[in-house]
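For clarity, chains are labelled A, B, C, D and E in written order, and residue numbers in each chain start from 1.
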Amino acid sequence: MPLDLTLQILTSGLLLGGLYALLAVGLTLIFGVLRVVNFAHAEFMMLGMFGAYWLWALWGIDPYLSIFIVVPGVFLLGVLTDRLVIQRSIGAPEVTVVFATLGVSIFLQNAALTAWSADIRSVTTPYGSAVVELGSVRISVPMLVSFVVALAFATGLWLFLNRTMFGKAIQAVAQNRDAAALMGIDVGRVYLVTYSVAVAAAGAMGVLIAPLFSVYPRVGLSYIVTVFVIVVLGGLGSVVGAVIAALLVGVIESVVGFLLGTAWAELAYFLVFLAVLVVRPQGLLGRRGAEVYQ
Amino acid sequence: MSLLEIEGLRVSYGDMLALDDVALEVGAEETVTVLGANAAGKTTLLRALSGLVPTQEGSIVFDGEAIDGLPPHDRVERGLVQVPEGRMVFPFLNVEDNLRLGAYGKRAREELEATFDRVLTLFPRLAERRAQLAGSLSGGEQQMLALGRGLMARPRLLMLDEPSLGLAPRLVSEVMERVAAIRADRVTVLIVEQNVAQTLRLADRGYVLENGRLALSGTAEELAASDEVRRAYLGM
Amino acid sequence: MLKRSRLLLLLALLAALALVVAACAEDEAAEEPDEDTDDEVIDDEDEADDDDDEAATGDVDAITVGALFPQSGDLAFGAADALEGVEVAVEMFNERGEHGVEVELVTADAPDPSGGTAGVRQLITQDGVDAVIGTYASAIASAAVPAAERLDTLYVETTAFAEAITDGPQNVLRTTISSGDLGAYASDFILTGLADELDVAEDDMRVAVVYTDDEFGTSIADAALDRFADSGAELVVEESYPAATTSDLSSVLLQIQQTEPHAVVHVAQVPDGVLFWRQAQQLDVNMPAVVGAGGGYGQVEFAEPLGENADGIFNIVPPTSGSINVDSLSDEAQGLLADMQEKLDEKGYEQGNYTDWAFMGTWVFLNEVVPNAASADVDGFIDAAQGVAVDPLDSITGFGFEFAGPDADNAGQNILANPVVQQWQGGELVVTYPEELAVSEFVNVPLPDWDERDEEIQELEDEEEDE
Amino acid sequence: MLGIEHVTVDFDGLRAVDDVSFEVAEGQVVGLIGPNGAGKTTLFNVVSGLVIPTRGRVRLAGEDVARLGPAERSRRGLGRTFQVVKPFGGLSVLDNVVVGALTRGQRVGEARETAAGILTRLGLERFATTTARSLPLALRKRLEVARALSTGARLLLLDEIMGGLNPTEVNETLDLLESLRAEGLTFLVIEHNMHAIMRVAEHVVVINQGVRIAEGTPEEVTQHPEVVAAYLGEPHESA
Amino acid sequence: MSGATPSTARRAVRAVGLVLLLALLLAVPALLDSAYWLDLAVMVLVWAALASAWNISAGYAGGLSLGHAAFFGVGAYTAVLLFNELGVSPWLGMLVGAVLAGLLGALLGVITFRLKGPFFVLATLAFGFVVHILAVNWRGLTRGAAGLTLPFDGGPQNMLFADLSTYWYVGLGLVALVLGVSLWIERSRLGYYLVALREDEDAARSLGVRVVGCKVIAAAISAALTAVAGTFYATFIQYIDPASTTQFELSVQIALVAIVGGMGTALGPLLGAVIVIPLGEVLRASLGGGPALAVYGLLLVVIVLTAPNGLIAGLRRVGRRVGVATGVVR
């Protein structure tokens, strides 16, 4: 394979991985802290996309501006979801923990379908197809932007978790909820903030990819399953692991897709996913103990 | 006036009764111990006091105010602090972070640096291991950390759940010495222990729980002299 | 536990009973359907009472037809056009009254395959219809047609393209094309008309086929691939992907870039269609010609986000009055079209592609098949259908009608249903091939390279900045 | 009957059991004592197969059972109770015991009879239809014993079954142990109630901090200075 | 033991109730004078069987599977392919499908028995996707998304009936089979073991319960019964494609029906099907597909949050109250 082509394939894969990372980091954080697998995660991305679309379609607001309106909106929706559903499912029987977010996902998807129909909509921006050329490698500008934002978010989150008192409180809750409560940490508030920030990140991703991808109620499906794979590979609960795994999966998808075809790439990573779950449930990059389900 | 007053406390998990009609009192600057066999309800009592398990009946009054319905962090804010059984340090955070998290509440945070220095003086080992992950400490060190972390919250009433659990005899004595030091610092202490003899030497008064009910109470001397206690817990 | 064993015993009994009853019921079932249908018709339609007796003797004077389309669920919105087409056809037929046949229309909802089966049963056994007209969605039709076959009833398919519909069932007349025809026609066009225009010999053509892994994508691609395999053209890329879960097509595009095909057949939905073109531009993948086959490529939602970049992209579809040059149709057909449009206006309906196909299919069935049927049952209709011969220029859709015989592989298929080639020009789809139906010339053949277009865009951006 | 040979267990770098060896002869009642957290329960988990030791071996009736899981060990005659009781909360008391009887290979009907018999013997028959979850703690401990017996075990590991019982109940339990022992069963017993241990155990093993610190008759070990220190933290003076 | 034996009055009520129910069930085709409703009734039976079969591995053994559509698909595809390619009667194809699905279920059981909570759920989800991707892409066998039509080669010997009411009776037989197996499991050795494992795995193992064996057998039985329902569905609809047989959404709905009704009981999933399927149909007919599914989602959330034991638990409470009020129950 010529070098140019190889570089282009790797770059495309990395950029794609960047998109996944923004979803994966939030999903893994929710699991790590709340021990809840958020099946509704990609629906918040979908809502972010719709937010960007409508602000653009109705008032011509550019997605890179509307992100400052949409993300707080999605954050509030996260607060609402957390209050109404998530907090009530914590400590409940397993069936509640698993199916409550699945129910939220079904609800949001179809509420969007009801409100906005199954029509497929696209945001058109002058930079939608803009490209930066790095030697012979071409990098889509919106992809690059979301890639940078994803990495910045992941880095910021990492710094927040490790450098601030509240971040450490979040870690404390993840490591031992009861002990954290006994330190005077308001566990409910930690849950609320974690969940809402994570889904707001998903909403941000929705806005960022709006210039590239079409918007429709079921768009979340294209991502959620891949992101599950990533989060498990990276080790449920591990932010750093999620980022690395996201980039890895992006590259694998791109390379296998080029060599073998898209359909088989999908099959391949599901098999890897199963194998990892069975052989090393803490993930390829996760630390031992994180997989213990409490 | 008592710092803590409990009356008619009842806790159950599902249809299983864990505590039934428990009444107990802790005066200011007193050290009180709760004795009892495994699963007699001692840990449940402390968890109920901290708000980690809901109570079905009865009242908990702390410093003249009913705190029954308050969430755990509000109770900590009022100075009702617990060092839980099994230490429960945050294994993937370092010693310093563990300690600082102890002072997470608003009241404690105001004096964080001063308390921090004092705790490190009290537990020099922790000062040496400041940057080490808590999970990598030995059992004794983890217990010291848990105690220190509890002190960081500037407790008015410090509840200790089995602080000597699983420690070597030498360490047990060390822990007890620290508890005595804490007590000398005019902190009120409510201690749950299996190590009955040492605890009774430390405590002013004590209660004995049996199957979730209060079976006996009295001064430490009375309890230590009680045949029942001696036979059941001292193995004599 | 005593009670449990008792319950178990009862259940075993119940199971046994159920099986026995099932076996008994089956004995009766063989003769039941016909009786059922007749009873219902007599019960339900007082007016038709006498006519129905006569029908047994020969000519059909009155029939009931059922229209089966998704009226709820995700597909309802798109399917509304089709149902309206059927409705208008029936109304106009009754108003004209040329053949002395009275037609009653009943409708049923079919949101999904199992709904399709249920709808067919409802129409045939409850409403006593003599034929069912459907269905808009292929998967639903694939379930509904066998269900009607089981009840010995004719199924007229006006709008669904799935191959399977005319691949086996003996009770079907499909008035529209099958998806295989779309694929085959795409290949034919690439190898002939397009090759000419690109000035490449057929045997030198390099082609790529990229498609979604759904029924629509695979059946079209299979037919196209078959046709290419028989030709001298070289297939350089064949790639399928799941439309619902694909968020990146760069690997496909890079393969195309490497192999430089002259033409790409792309069967897509809207989101992946848009993504394909946006990424092609980003990756600077140049394709001289891209031929879509309905689906995403046929919709405004596809072209709009691409703006000028859509100009010159091909799309293969069955023609409609809206896309062809209607002036070339026969006067009769033009009159019919005008009447239909008047009727649509009257009822406040919009005319869409599916309106045309459903209208014309129903119209042909009512005017050419029903009056010539010896009896109002599946045999009578299928026999009568053999005599149908409608010229393409006598149809408002621009394709004619003639049905494959019962012995053919594709029994019941309208073998005159030929697609046309459209091109996106200025945000609209216009027929550019074959010439007799074309309303416009080819543009952008071959498609300009991206760097040439980038300049245009750059200029545009500069202008915006100036403002 | 049971041989524990150089068993060591590490949990995440912490040594819970450190090179412990001892034997339990057939028909014996051996007491295993030590302060809370000494590693007694971990040792039980090693013997019953729930924890794989880092090093060392367990022999059951002469057979090395290292490769066998808990179920297989149970089927070789090993029964146990749990210190933190683990009833099948949603099942009735009778059904809890039926599960054990079934693994002996009995049919459901037989198993129910066996279970009912065991409940009667342990004085639990009144609670047969009660949901296990709603039993008081003392009775749940007894249910643990009933369940362990139901498998037809020859060697029973009893983990603090007398904790929280009143003196009368303790005596009843001790009587039961003695009668079972008379039938040829072997016991390894963890108990805090020294009085009870003194009465039933002929041999006592003391561990502390995962290390075996003494072994002998109950009288011997209670005099052992290291044992006294382990329990009371310092040389015993006041009593 | 006086409380264990039901009173005579109670038994009499039970017996009368059962006979009435049986009569009612047999009379359904006559009562439902509409193909539409009878059709729906048959679908209720399909879902009752599916939810019941799911319940065997999820309710009794505690493994919340989100991949059961895979087994449904195996049952449907095996029977249809055997009939279309080799002319094997679907009655036989049903057995082959059940065996295949059973083996597949056992395989899944072997690789997932150690996984807990969300890890198990995600593993079954991935497994479901693997089967779905194969159904879509192994086009040589399955014809991919184009799906397979079961030609109407009528006659009971091919499990194809012109008459709808016959499907109802066969469906009743199917439900009776699954319910029978459920009840048998409940009172058999396996049932005791499964519930013991669900309640406390360590305790069960220490009593000699073999974890792998039990979980694998439960998974296999559950998968095989799901496949049987798949075959029945295929002969009923006569058309199958990946979207209607192996899709993730189908797995979710199977679980949803069982959860709404009540997991871990033999009758709960049946109740779930009787409520959820007609409700879904009515909602869809009156509100349209999107809103109906939105209500579905809300229903799922509300049920798992407020009544994780399902509606059957509530029904039982009401039943007991009525019983007490009428003096039938002491």
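Here, contacts are C-beta pairs under 8 Å (C-beta built on N, C-alpha and C of every residue); 3 or more make two chains touch, one makes a residue touch a chain.
Keep in mind that what you see is a predicted model, and the values were worked out from it rather than measured.
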{"item": "Subunit E and subunit C - chains in contact with each", "value": "A"}
{"item": "Centroid comparison with subunit B (C-alpha atoms), farthest chain", "value": "C"}
{"item": "Most remote chain, CA-based centroid, reference being subunit A", "value": "D"}
{"item": "Distance from the mean Cα position of subunit B to that of subunit A, given in whole angstrom", "value": "42"}
{"item": "Cα-centroid distance, subunit A relative to subunit E, in whole angstrom", "value": "33"}
{"item": "Centre-to-centre distance between subunit E and subunit B (centres being mean Cα positions), rounded to whole Å", "value": "51"}
{"item": "Where subunit E touches two or more other chains, by residue", "value": "133, 136-137, 187, 288-290, 292"}
{"item": "Subunit D residues counted as touching two or more neighbouring chains", "value": "12, 89"}
{"item": "Junction residues of subunit A, two or more chains touched", "value": "113, 117-118, 225, 263, 266, 289"}
{"item": "Complete list of chain pairs which touch one another", "value": "A-B, A-C, A-E, B-D, C-E, D-E"}
{"item": "Footprint of subunit D on subunit E - complex, ascending", "value": "1, 3-4, 187-189, 192-193, 195-196, 199-200, 202-211"}
{"item": "Contact set on subunit D toward subunit E in their complex", "value": "48-50, 69-72, 74-75, 79-80, 82, 86-91, 95, 98-100, 102-104, 107-108, 128-129, 147-148, 150-151"}
{"item": "Residues of subunit B defined as touching subunit D within the complex", "value": "14-17, 36-40, 135-136, 138-139, 162, 164-169, 172-173, 176, 194-195, 197-198, 201, 210-212, 224, 230-236"}
{"item": "Subunit A - residues contacting subunit E, complex", "value": "31, 37, 85, 88-89, 92-100, 102-111, 113-114, 117-118, 217, 225, 228-229, 232, 236, 263-264, 266-267, 270-271, 273-274, 277-278, 281, 291, 293"}
{"item": "Interfacial residue positions of subunit C with respect to subunit E in the complex", "value": "1-8, 10-12, 14-15, 17-19, 21-23, 25-26, 28-30, 32-33, 72-74, 76, 108-109, 111-114, 117-119, 121-122, 124-126, 139, 142-143, 145-147, 149-151, 162-164, 167-169, 213-219, 240, 242"}
